[in-house]
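Two complexes, one shared chain (subunit A), two partners (subunit B, subunit C).
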Partner chain A sequence: MNPRREEHEITVGFAGNAKKIKVKVDDRDLRPWDLETKFQTVGTDQARADGVAKVTGRARYAYDINLPGLLHGLIVRAPIAKGTLKALDLEAAKAMPGVKAVLATKQPGARIRFAGDDVAAIAAETLDAARDAAEKVRMEFTAEPHVTDVLEAPGAPKLDQDGEVTAPWPERGAERIETAIQAARHVRSATYRCEVQTHSSLETHGLTARWYGDRLTVWASTQATFGTRAGLAGTLRIPAENITVHTEFMGGGFGSKFQPGIEGVLACRLAKAADAPVKLMLSRHEEHTCAGNRPGAIIQIRAGVNDDGKITAFDYRCWGEPGFTGQGGGTRAPSDYFRDTARRDTQDNVATDMDAGRAMRAPGWPQGFFATELMLDELAAAIGMDPLEFRLKNDRNEVRLAEWRQGAEAFRWAERRNKTPGQPRAGGDPRWLHGCGLSSAAWGGMGGPGARVTCRIHADARVEVRNGAQDLGTGLKTVLQMLAAEELGIPVAMVTPFVGDTRDPVGPASGGSVTTPTMAPAVRHAAALARRELAARVAAKLGVDAAKVACAGGQVTVEGGQTLSFVDACKLLGSDTVEVVGERFPNHQGYANSVAGCQFAEVRVDRHTGLVQVLDMLAVQDCGTVVARKQAESQTLGAMIQGVSYALHEQRIVDHLTGRMVNGDFLYYKLTGPLDMPAMRAILFPVANGHTNVGAAGIGEPVAVAPAAAIANAVFNAIGVPVRHLPLTPDKILKALARARRV
Partner chain B sequence: MRHPPEDGTPPTFSRRAFLKGASAAAVTGTVPGALPTAPSGPTSYAPGSHAITLSVNGGERRLEVEPRTTLLDALRDRLDLTGAKKICDRGACGGCTVELDGIAVNSCMVLAIDAVGMKVTTIEGLAPGEALHPLQEEFVHCDALQCGFCTPGFVMAAHACLNKHKNPDRATIQHELSGNLCRCGTYGRVFEAVERAAGRKG
Partner chain C sequence: MRPFELVVPRSLAEASSMAGKGVVYKAAGIDLLDRLKERVEAPEKIVNLLGFRAELARIERSGSTVRIGALATLTQVAEAEVLRGGGFGALLESAGEAATPQVRNRATVGGNLLQQNRCWYFRQAAFGCAHNGRGPGCLAQEGQNRYHAILGQDDCMRVHPSNVAPALQALGASVIVQGGKGERTLPLAELYPKAPDARGAEHTLQPDEILTAIVVPVPGADVRSAYRESREKLSFDWATTAAAVRLAVADGKVRECAIVLGAVAAIPWVAAEAAQSLIGKEPSRANFEAAAKLAFAGARPLAQNAYKVPVGQATLADALEAAARR
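Let's look at the complex of A and B:
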């Protein structure tokens, strides 16, 4: 059955570039908010809905669940990187004090795929008792030679002493790109590298599981409550309806927590075997070594440009490093510069005997943007053009073109840029080299169908909005609260949001920056239905024609009669609570199908030690309709900080002899910390998209795409030579400086 | 106690290995580097369970711990005070920060038995009842949190910072919070919140 559609004319775009378009909207849905909508609550600064719970320590995460008789679980893991399990004896472990359940997860003969592959699981009265028992597990392995160095792995490209790929460009699809390269006035070719980054979520993976007969309740640290339920149902072979997943709070996932995982499944199995609730959370070392990562990459680019700065050819080749699965290491170059450029994109994966890569905040994009944006600056330098001018010349995204100009002015790009790369500032400390760089940002994140929201209005005028999906800390609860308040015309304090319980209506997995854009239209629809239902109830109580009663702007009005405040109208409900369920209708074609942004960074580089310090960063970012401004800014700033960490600090270091990560902790796996913080500013660039009734887009991922690229370009501007290998650690900087002196 | 060695030398033994040795030799001395063969202090604890009394958030709490039980595990698993988080369990992230006699410590690096006789303050004890401490109010006001998992540790570290410094400047705040990590990236707004709370106090 095709839904009936109503056509609305709405104004989309942004200030200075408004457009009227016609959208066809399901006639049960609402007219989309647009550029002319005057908001009361949306876009304002509001306190985070769960802020008080988090600052008082009252917020209970999966890690914090304590239950009577709770046992603590752990996983016993293989110390070898490749081979087979030869023998496994769990008897001594079972006999240890306090041990309540021991399970084998692999039988002799099973393959070991990486150092840290699971072998057995133990539940005991305390974690210390479980650890004692783990030491009694007798495991024997037949080890095989492993390869953990991506450059030594089969299929890896050979690099010369300067780190440049020596292999010829592929034959496939070569004709057009070769012609364009031949015809280009200037051609540059270079190889870029990114190291493996771990998600480093502060709450490790895992869950607390409790069985009630054949029914299972889990408190999970997950980005997908419904995905976790489905995953457990499939693996444990029990009906999904028997499982409840709770995730009221969760301590970070960044793309690594979409499934229950082996740790979640084992928590449930141990709880069943021990007939007691079990909490199984990974250790910090396991979190680094067994819970996914952002794959490393070797990226080779050759590009052609004309004297006027037009890019005419762009050939991009990537070897991803996704670990033992050998899949999912693809990276992504920006596309807005190359809409009418001869272009080729070749992606390969190189398997190593390490933990498998997982989605991580804009999977593949930060790597591809780093390589491409640095290449763009190298091209600009080759033809003597300012990098900003070069972007303005080639960027075909009209939102970003406006953002470049706004950002450049706010950052004072022209005056701050180092006019003599490699030279210290005149009159400044000669030890420090200063430079500025920039990068584009992009993402999709427009959301889609697959969400419902319950809205209840009680007689005490409390409004409840409920959805079963999870708030990762992005501010989903606040978004739900603010949108309901906006639609009902009441203060946000009258609305209480509830999330993270799979007994409530379905919601999305929080990946791809879709949570807010998917949920927002459903909660607005729910609140609108509740508003209409409240009016109908009031009409019935007052004995007037329902068509004559309207609820809007926080009051209920009877045509030609009285006006009741929202609170007084609710009193008429008695025990007869309003309860409605709002829908999420499919996106219609609005202004844009993606978001655009740009970032600017200033660094200084210590010529003596090679240390890079980021001094200042600015992001200008579009995320469609900004709902919860404060939280959207927080997420933007957070993605920039995570990007500083990726650019300068984070690197999985592996001992290739043993095949193990040697810095699987927070002492030697360096995250950006308080002392590394630059000045930072986030400007949200308002765009009316009109693709849903709210027009919100995601902001978690687009911002994460650009920082490493902008910082690498700033380093290039500071020291005068590009450093093409992330992270930009002192050793690489000193090497580059030494090379620059030789040239 | 909050910071790794100033000279950056890596620890030469793991805590677990040390604790195992310590429990086997029945010692009480837990000053880093103290050898299990050189017991010191008034009480010795043999391996196994011991009843101790901790002074937590103004109340006396009796609990059973092993000599190797960290203060963090005791608070979280025995006393159900889960505001302090177990994040790195090795003194590198500040997520488990509590105050011992007013001084911020990583509770994962303190044994519960060593906290006997000291005043333990956790995030739950920072403000009485439903009231918020000014720091907590400012963290909410500045939106100095996202997932919130590191937040109790930051609030406690900031509290200890304000105990030490009346009117700390930005550099002092950064230094005092440098033992804490946040993965969502809230540092800038945390600094703002601490500055605002310090201003209110002053």
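Let's look at the complex of A and C:
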């Protein structure tokens, strides 16, 4: 059955570039908010709904769940990186004091795919008792030669002493790109590398499981409560309706927590076997080594450009490093520069005997943008053009073209850019080289249909909004609260949001930056239904025609009669709570299906020690309708911080003899800290895209795409030579400076 | 960690008498706790010395020395009034820049001097090496070694992790230790093995000896000292190289100089020849850089840590310059 649709004319785009379009909207849905909408609450700064609970420690995360009789689980893992499990004897472990359950996860003959692959699981009264028992598990393996260094792996390209790929370009699709390369006035070719980054979620993976007969409740650190429920139902072969997943709070996922994971499944199995609740959370080393990562990449680019700065050819190939699966290491170059450019994109994966890569905040994009944006700056330098001018010449995204201009002015790009790369500032400390760089950002993140939100209005005028999806930490609770308050015309404080309980209506997995754009239209719809229902109830109580009563702007008005405040209207409800369920209708064609952004960075480089310090960063980012401004800005700054860390510090370091990560901690797996952080500004660029009744777009990922690229370009501007291998640690900077002196 | 007995001794003599196999002394426990959690150490008994804080955490001047109780925190050292002035600069800087404010508020100067090295092979239960006693050789030699030694290394590539040791050593400090046979005083340099090797301990204390105080001579009026370290990041990072220097300049010429390097060798590394080379020279950047070159002349970098040579040279030149400018 096709839904009935109503046509609305709305104003979309952005200030200075507004357009009227007609959208066909499901007639149960609301007229989309647009550029002309005047908001009361939406777009304002509101304190995070659960901020006090978080900073006072009252928020209970999966890690904090302690139940009477709780057992502690752990996973016994293979020390070899590749081979076969030959023998497994769990008897001695079972006999250890305090041990309540021991399970084999692999049978003799099973393959070991990386150092840390699971072999058995133990639940005991204390974690130490479980560790004691783990030491008694007798495992024998038939080890095979492993490869954990990507450059040594089959299928990896050979690199010369300067790190450049030596292999010829592929044959496939060569004709058009070769012609374009031949025809280009200037051609550059270079190889870029990114090391493996781990998600480094502060809360490690895992959950606490408790059985009530054949019913199961888990408290999970997950970014997909419903995905976790489905995953457990499928693996444990019990009905999904028997499972409740709680994630009222969670301590970071960044793409690594969509499934219950082996750790979650084992917690449930151990709890069943021991007939007691079990908590199984990974250790920090396991978190780094067994819970996914952002794959490393070797990216080779050759590109052609004309004297006027037009990019005419762009040939991109990538060897991703996704671990033992050999899949999912693809990277993504920006596309807005190349809409009318001869282009080829070749993606290969190089398998290593390491943990598998997983989605991580804009999977594959930061790597591809780093390589491409640095190549663009190298091209711009080759033809003597300013990098900003070069972007303006080639970028075909009208939102970003406006953002480039706004950002360049706010950042004072022209003034701050180092006009003599490699040289210190006139009159400044000759030791420090300053430079500025920029990068584009992009993503989709428009959300989709399927989510539902319950809205209740009680007689005390408290409004409850509920959805079973999780707040990944981005501020979803605040988003729900603010949108309900906006639609009802009441103060934010009167709305209480509840998330992270699968007994409430369905919501999305928090991946692809879809949570807010998916949930926002549903909560607005729910609040609108609640508003109408409240009016109908008031009409019944007052004995007037329902058509004559309206609830809007925090008041209930009877046509030709009295006006009740929202509070007084609610009093009439008595015990008859209003309860409605709002829906998320499919997106309709609005203004844009993607978001655009750009970032600017200033660095200084100590030419003596090779230290790079990021001094200042600016992000200009479109995320459609800005709902919760503070939280959106916070997301933006958070992604920039993570990007600084990726650009300068983070790398997985592996002992290739054993295949074990040596820096699986936070001492030598270096995360950026307060003293390393630049001054940061986030400018949210308002765009009305009209694709839903709210028009929100995701912001978690687009901002994460650009920082490493902007910082690498700033380093290039500072020292005069590109450093094409992340992270930009002092050893690499000094090597580049030494090479520059030789040239 | 495995269960252990936590003992609170009533006196230092009693603490000393408790020494034996499976007994570990603990100050703040910052280093020890990590080792217990990793299970590379599983003592039966931990003797908690923190109870002596009242006596052993004072920082006092008496005559021509300052006595720093071994249980004084790094924050106490960094903020001590009696250590104000350019002469103690290296000590204040090394204590004030270590780790994080939280660690500095808890970590003791004694613990900082006696902490174990942070080699990622040495400290993980999964790896066995000659130094941790679970393997035959040094895994860093052919393995991952970007943070390892470049000077004086032989069969173990560990580096000394202490921030304050190079500074105290450059200032000519001694340490007081109490053992079953009473108290003795030794130069700080002798707290560490002269020729560190894989099999030997990281310090020279006898099992029943407890470090109780550090005695630092008050530097002469024309003496200046400074400490600088290089890192990969500024918040909470281990030094990749560190340099503590003591310098006296008279009539525009260096009259006296001491250089002790950190994070480049298994012990605080005395660069005597480099220090000597500056005597009688002008305290100029060029001379400092020449001395710094000399200090690293014997460096033998591993596959991944050659960067430590230029970085260490720059860090040392910076320390010398900072001292000269005080």
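Here is the rule we use: the second predicted complex is superposed on the first by the 743 of 743 C-alpha atoms of A that agree within 3 Å, B and C clash if a C-alpha of one lies under 4 Å from a C-alpha of the other, contacts with A are read in each partner's own complex, and residues count from 1 in each chain.
Simple rule for what comes next: a residue touches a chain if its C-beta (ideal position, glycine included) is under 8 Å from a C-beta of that chain, and two chains touch if they have at least 3 such contacts.
This one's a predicted model, so the numbers in the text were calculated from it and none came from an experiment.
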Worksheet item: Thinking of the overlay built on chain A, is A:Ile653 touched by subunit B (first), by subunit C (second), by both, or by neither?
Response: second
Practice prompt. Between subunit B and subunit C, pick out the one touching the greater number of residues of subunit A.
Written response: B
Worksheet item: With the two structures laid over each other on chain A, which partner does A:Leu667 touch: subunit B (first), subunit C (second), both, or neither?
Response: both
Worksheet item: After lining up the shared chain so the two structures overlap, which partner does A:Gln599 touch, if you call subunit B first and subunit C second: first, second, both or neither?
Response: neither
Discussion item. Tell me the contact category for A:Thr225 with respect to subunit B and subunit C: first, second, both or neither.
Written reply: neither
Discussion item. So in the superposed three-chain picture, is A:Gln367 touching just subunit B, just subunit C, both, or none of them (first/second/both/neither)?
Written reply: neither
Item to complete: Based on the superposed arrangement, let me know which partner A:Ser510 touches: subunit B (first), subunit C (second), both, or neither?
Response: neither
Discussion item. Contacts for A:Gly251 in the overlay, against subunit B (first) and subunit C (second): which applies, first, second, both or neither?
Written reply: first
Discussion item. Contacts for A:Thr191 in the overlay, against subunit B (first) and subunit C (second): which applies, first, second, both or neither?
Written reply: neither
Worksheet item: Touch check for A:Thr341: first (subunit B), second (subunit C), both, or neither?
Response: neither
Discussion item. Just to be sure I follow: which residues of subunit A are touched by subunit B in one complex and then by subunit C in the other one?
Written reply: 128, 131, 667-668, 672-675
Worksheet entry | In the complex, subunit C residues that touch subunit A | 1-3, 39, 118, 120-121, 124, 126-127, 139, 142-144, 146-147, 230-238, 240, 304-307, 310-311, 314-315, 317-318
Item to complete: Provide the residue numbers of subunit A that touch subunit B in the complex, in ascending order.
Response: 47-48, 50-61, 63-64, 66, 72, 126-128, 131, 200-204, 249-252, 254, 281, 283-284, 472-475, 630-631, 633-635, 637-642, 665-668, 671-675, 677, 680
Discussion item. If we count contacts the way the header does, which residues on subunit B are in touch with subunit A in the complex?
Written reply: 4, 10, 16, 66, 68-69, 73, 76-77, 80-90, 92-93, 95, 122-124, 126-127, 132, 135-136, 139-141, 143, 145-152, 155, 173-175, 177-178, 180-191
Worksheet item: Can you name the residues of subunit A that touch subunit C in the complex?
Response: 79, 128, 131-132, 606, 608-611, 613, 648-649, 653-658, 660, 662-663, 667-668, 670, 672-676, 729-731, 734-735
